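Next come two complexes, and both contain chain A; in the first it sits with chain B, in the second with chain C.
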Partner chain A sequence: MKIKRNTILTIGAIAVFYGLLIAADNFLNTYWLRILNLCAVFTIFSVTFNLIFGYTGQFSLGHAGFAAIGAYVGALLTLSSAQKQANFFLQPIAPFLANLEVPFLPTLIIAGLLAAIIGSLVAWPALRLRGDYLAIATLGFSEIIRIFLVNLQPLTNGAMGLKGIPEYTNLYWSWGAAIVTIFVVKRLIDSSYGRAMKAIRDDEVAAEALGVNLFKHKIMAFAVSAFFIGVAGALFANLISTIDPKVFLFTLTYQIVGITVMGGMGSITGSAVAASLYTIFLELLRPIESQFNIGSLVIPGIPGMRMVIFSLLLLFVILFYRKGLFGQKEFSWDWLIGFLSRKNRKKSNQALISDEAAEKEQKS
Partner chain B sequence: MTLELFLQHLANGISLGSLYALIAIGYTMVYGILRLINFAHGDVVMLGAYAAFYGAALFMLPWYIAFPLAIIITAAVGVIIERVAYKPLREYPRINLFTAAVAVSFLIENLGIVIFGGRPFAFTRPAFMDVNLSIGKTSIISYTIIIIITATILFAILLYLVNKTKAGMAMRALSKDIETTGLVGVNTDRIIMFTFALGSALAAAGGILWAVKFPQINPLMGVMPGLKAFIAAVLGGIGNIPGAMIGGFLLGITEILIVAFLPNLSGYRDAFAFAILILLLLFRPNGIMGEVQAEKV
Partner chain C sequence: MSLLSLRSVVKRFGGLTAVNNFSTELQPGELCALIGPNGSGKTTIFNLITGIYAPTEGKVFFDGYDISGKKPNEITRAGIARTFQNIRLFKGLNVLENVMVGHHLRLKSDPFSAVLQLPGYVAEDRKMHEEAYELLQAVNLAHLADKEPTALPYGQQRKLEIARALATHPKLLLLDEPAAGMNPQEAEELMEFILHILKAFELTIFLIEHQMRVVMGICPRIIVIDHGEQIAEGKPELIQNNSRVIEAYLGVTENA
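Take a look at the complex of A and B:
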């Protein structure tokens, strides 16, 4: 009965959200649409990082690399053959890619699958390591992927990157993917697999002693995360329409870590809220930066003052709200209904009291 | 490849390696005590180079005043970073400390862009560092030798400090067990500050010498050396000072020689460093010197 009510509420909320998306899509200008799309992409990045680190406790710094794979797959499968020829003027494109053009949905899925496959291949050896060593190894893999993207000229056009990627990503794709990601991750962590993952996070040795298959669960978390990171990467490429390997430096991973910590380790709600706040906040700060640049020579494209403010804010959150915005708490219908009914009860209590007072007054 | 050319590459590799080693020591000392991968360390390297640059270019100081002054300033900045960002988080989960390091790194880089400007500056070497030395057919520019000699002197001073002084002994004790060391009367806060000062000073020296070797400085110049030095620290066994030195030299020499012998793979130069790192982690997870547990600081 209760489960049913929550399901109905969830479906209702998604319907309302969908309505909002339609409204946003119709009434907002392209600038704000782009920001809202970016919110969704960063939500996926952050939620997946939370799955690997917040829930499974594996400190992986490979996000940028997996996102790069997704982005390049997304770009190469959607670019028209004419655009490809225009892009690859230095060295011709690999022949099997030259005329390949795939619709957007299969592209997203292929991007995700490839990222998941490579993610699992990376995880296979790396998961023998623990803690900081895992972080170092995954960071290394991520950088190796990036260096290969720079050097595999016929496949990726090297350091020049790819331009003119069709802008297929819209609110329905990006937020659709974000909702699917949140749904899958939430179902996963509430399942028996998820409980095993949390057990691994809390104490690996104890979990193993209780019969949890460490390797299986870790690699599952890795593969699921990598899949959605790949999808988000493809969405990202088809949103900003130009990509180059520099975008996927390990600093991207650091940003994702920062967002997730700000939201709260082990809270999907926190990840989603923090990712959106981060994206919107950075955009709102843009005027400060352009004002600041007047007369000085700041290379365009490298954020200066905005990132100063962001890093100060991040430092502030870590120093004073050590658990992040949400800690390990999640939004749930039970909580909301409990919260509302408590409020109502207070109101009705007050009403009762005032009624009694009125009665007393009447009696006297 | 002729012997002369090989020697030239080797000297080049050793000088690059000594730079990696100088920077790697800071990573390794901090990790040894706080178990923190101090990702802001690479940016401290950048600050050292800029301090020296401004001392020499703006205040017209001669190099023998500007360079030591830059090292002192950078050491002070290192201590401030520890006080403000890391000290309050010492008792909390390590992800918080790590994120604080990331935040500090972002902050320094972007403050650098805001204050110094994103445009690279040309770093002028003191004249005596730019002399062409030729021994037989091998020709080496004097800064290559000067880097190696300076680094060696600094290593000797560091090893003396760590092994022969009371503060060094306290550092070594701290890396074994912070709490117990505090209980026997060591002022742990002061020793951690000392560690950061020492590490940042070496990073500044590394940054200045880096600018001497590659005379173009920009606010993001510390990122790659920082990452490489970090790899060097892990190669040698993180937390181990002689290990960091060995790791640094090994990485520097390997990198230069791989590019020298296989020039068409030079684009993959950075990937080699990571590949070596990952292979080593898989077969010797604690690094070259890790198992010995000789001096963990």
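Take a look at the complex of A and C:
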């Protein structure tokens, strides 16, 4: 009975959300649409990072590399052959790619699968390492992928990047993918497999002594994460329409880590909220980078000023909310209803006690 | 046939020989204690049995199969569960979920059916839930099912760790200092509890213990080791009067 109610509420919430997306799509300008799309992409990045680090406890810094794979697959499979020719003017494109054009949905899935396969291959040797060593190894792999992108001229057009990627990504694609990601990750971590992953996070030795296959579960977390990062990468490429290897520097990974820490390690709600807040705040802070005055003090426009403020915010969060905004807590309908009824009860306490008794009777 | 058999097992860490030529047999249904001074190699023997270390020489047989050098999770699957000297509960999971992790190794459904919550997985998950709850009831922890494990008193954390190990359906249970840090009353309860699960779950128990009250009270057979070598074996009364054991624990006067 209770499960049914929550399912109905969730479906209702998704319907309302869909309505909001339609409204946003119709009434907002392209600038804001892009920001909302970016919110979705960063939500996917952050939720998947949380699956690897927050739930499975593996400190991996390979996110930018996996996103790059997804983005390049997304770009190369959607670019028209004319555009490809225009892009690859220094050296012709590899022949098998020249006329290849795939619809958007299969493109996203291929991007995800390729990222998942490469992610698993990277994880194979790297997962023998733990903690900081794993972080360094995955960071290295991420950089290797980027170096490949710079030097594989016939495949990736090297440092010049790819331009004129069709802008297929819209709110429905990006938030649709985000909702699917949240759904899959949430279901996974709530399942028996998720319990095994959390057990690995809390104590690897004890988990293994209870028969949990460490390698299998770590690889699983990596592959699922990498799949959705790949999808998000393709969405990203088809959103900003121009990509080059510099977009996928390790700073992207650090941004994702920062967002996830801010939201709370081990909270999907936290990741989603922090990703959206981060993207929107970073846009709202844009004026700071141009010249402005505080009283008689003239502050010249400094590019990168936003990141200084972001760092300060991150510092603030780490100092005062050590577990992030949400800690390990999740949003749930039970919590919301409990919260609302508690509020109601407070009101009715002040009014009439008999009213409360009636309310309780009704409830039971 | 013996359930567990260690045949001239040797473990060296570089130049240090932690376990030297150790052999023993455990019969099904037996309750046997392993004692010895600090650093004598007791936990290393446990780690050799459970696959955390592979023996440098010699073999470990369990239920007729050679398990030396197998991975810990494979050995648990074969039917050996253990607890740890320092409590290793999963802090991020509640009491019931801690036990359910022990059931995970028997899960047949693949991750896809878990994510899609296909009927096969849902049925398995429900069964896992019920079995874990029954196990908690059997060890009198059911009323704490949704508590954080760190919120439990020390004695109950120990009990939960044993319950979690039982969830893997072991034939052999290894307890590494189960009474460590317990007061006499808690130790008393633990002794009863160990005897209870030995019968109720048809186990064979091998335990390391420092509290002689526990060891002498319940274990019909005791093995004593020092410097990685077995120095005595037998009934509690024999061990208490064995000169080599006394020597190992108390030392000898040089100019006696």
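Here is the rule we use: the second predicted complex is superposed on the first by the 340 of 364 C-alpha atoms of A that agree within 3 Å, B and C clash if a C-alpha of one lies under 4 Å from a C-alpha of the other, contacts with A are read in each partner's own complex, and residues count from 1 in each chain.
Rule of thumb we're sticking to: a residue touches a chain if its C-beta (ideal position, glycine included) is under 8 Å from a C-beta of that chain, and two chains touch if they have at least 3 such contacts.
Because the structure is a prediction, the values reported are computed rather than measured.
*Asks:* Quick one: on chain A, after the overlay, do chain B and chain C clash, or do they fit? Just give me the call.
*Replies:* Aligned through their shared chain, the two binders fit side by side on chain A.
*Asks:* When the two structures are overlaid on chain A, which partner does A:Met197 contact: first (chain B), second (chain C), both, or neither?
*Replies:* Neither partner.
*Asks:* Quick check on the superposed pair: does A:Leu235 touch chain B, chain C, both, or neither? Answer first, second, both or neither.
*Replies:* Once the two structures are laid over each other on A, A:Leu235 reaches no partner at all.
*Asks:* Thinking of the overlay built on chain A, is A:Leu127 touched by chain B (first), by chain C (second), by both, or by neither?
*Replies:* neither
*Asks:* Which of the two partners, first being chain B and second being chain C, lies in contact with A:Gly266: first, second, both, or neither?
*Replies:* After superposition on chain A, A:Gly266 lies in contact with chain C alone.
*Asks:* So, A:Phe59: does it touch chain B (first), chain C (second), both, or neither?
*Replies:* After superposition on chain A, A:Phe59 lies in contact with chain B alone.
*Asks:* Angle chain B-chain A-chain C between C-alpha centres, in steps of 10 degrees?
*Replies:* 80
*Asks:* Per the overlay, which chain contacts more chain A residues, chain B or chain C?
*Replies:* Larger number of chain A residues touched: B.
*Asks:* Quick check on the superposed model: minimum Cα to Cα separation from chain B to chain C, whole Å please.
*Replies:* Checking C-alpha atoms only, chain B sits 12 Å from chain C at its nearest point.
*Asks:* Indicate the residue numbers of chain A shared between its chain B interface and its chain C interface, in ascending order.
*Replies:* Touching chain B in the first complex and chain C in the second, no residue of chain A appears in both lists.
*Asks:* Would you mind writing out the residues of chain B in touch with chain A in their complex?
*Replies:* Against chain A, chain B makes touches at 31, 35, 37, 39, 85, 88-89, 92-93, 95-96, 98-100, 102-107, 109-111, 113-114, 117-119, 223, 227, 230-231, 234, 238, 267-268, 270-271, 274-275, 277-278, 281-282, 285.
*Asks:* Please output the residues of chain A touching chain C within their complex, sorted ascending.
*Replies:* For chain A paired with chain C, touching residues are 184, 187-188, 191-193, 195-196, 198-199, 201-203, 205-214, 220, 266, 328.
*Asks:* Taking the complex as given, what residues does chain A use to touch chain B?
*Replies:* 53, 59, 125-126, 128-129, 132-133, 135-137, 140-141, 143-144, 147-148, 150-151, 250-251, 254, 257-258, 261, 265, 292, 296-299, 302-305, 307-308, 310-312, 314-315, 318-319, 322
*Asks:* Can you check the complex and tell me which residues of chain C touch chain A?
*Replies:* Touching chain A: residues 50, 52, 71-73, 76-77, 81-82, 84, 88-93, 97, 100-105, 107, 111, 114-117, 121, 124-125, 128, 164-165, 167-168 of chain C.
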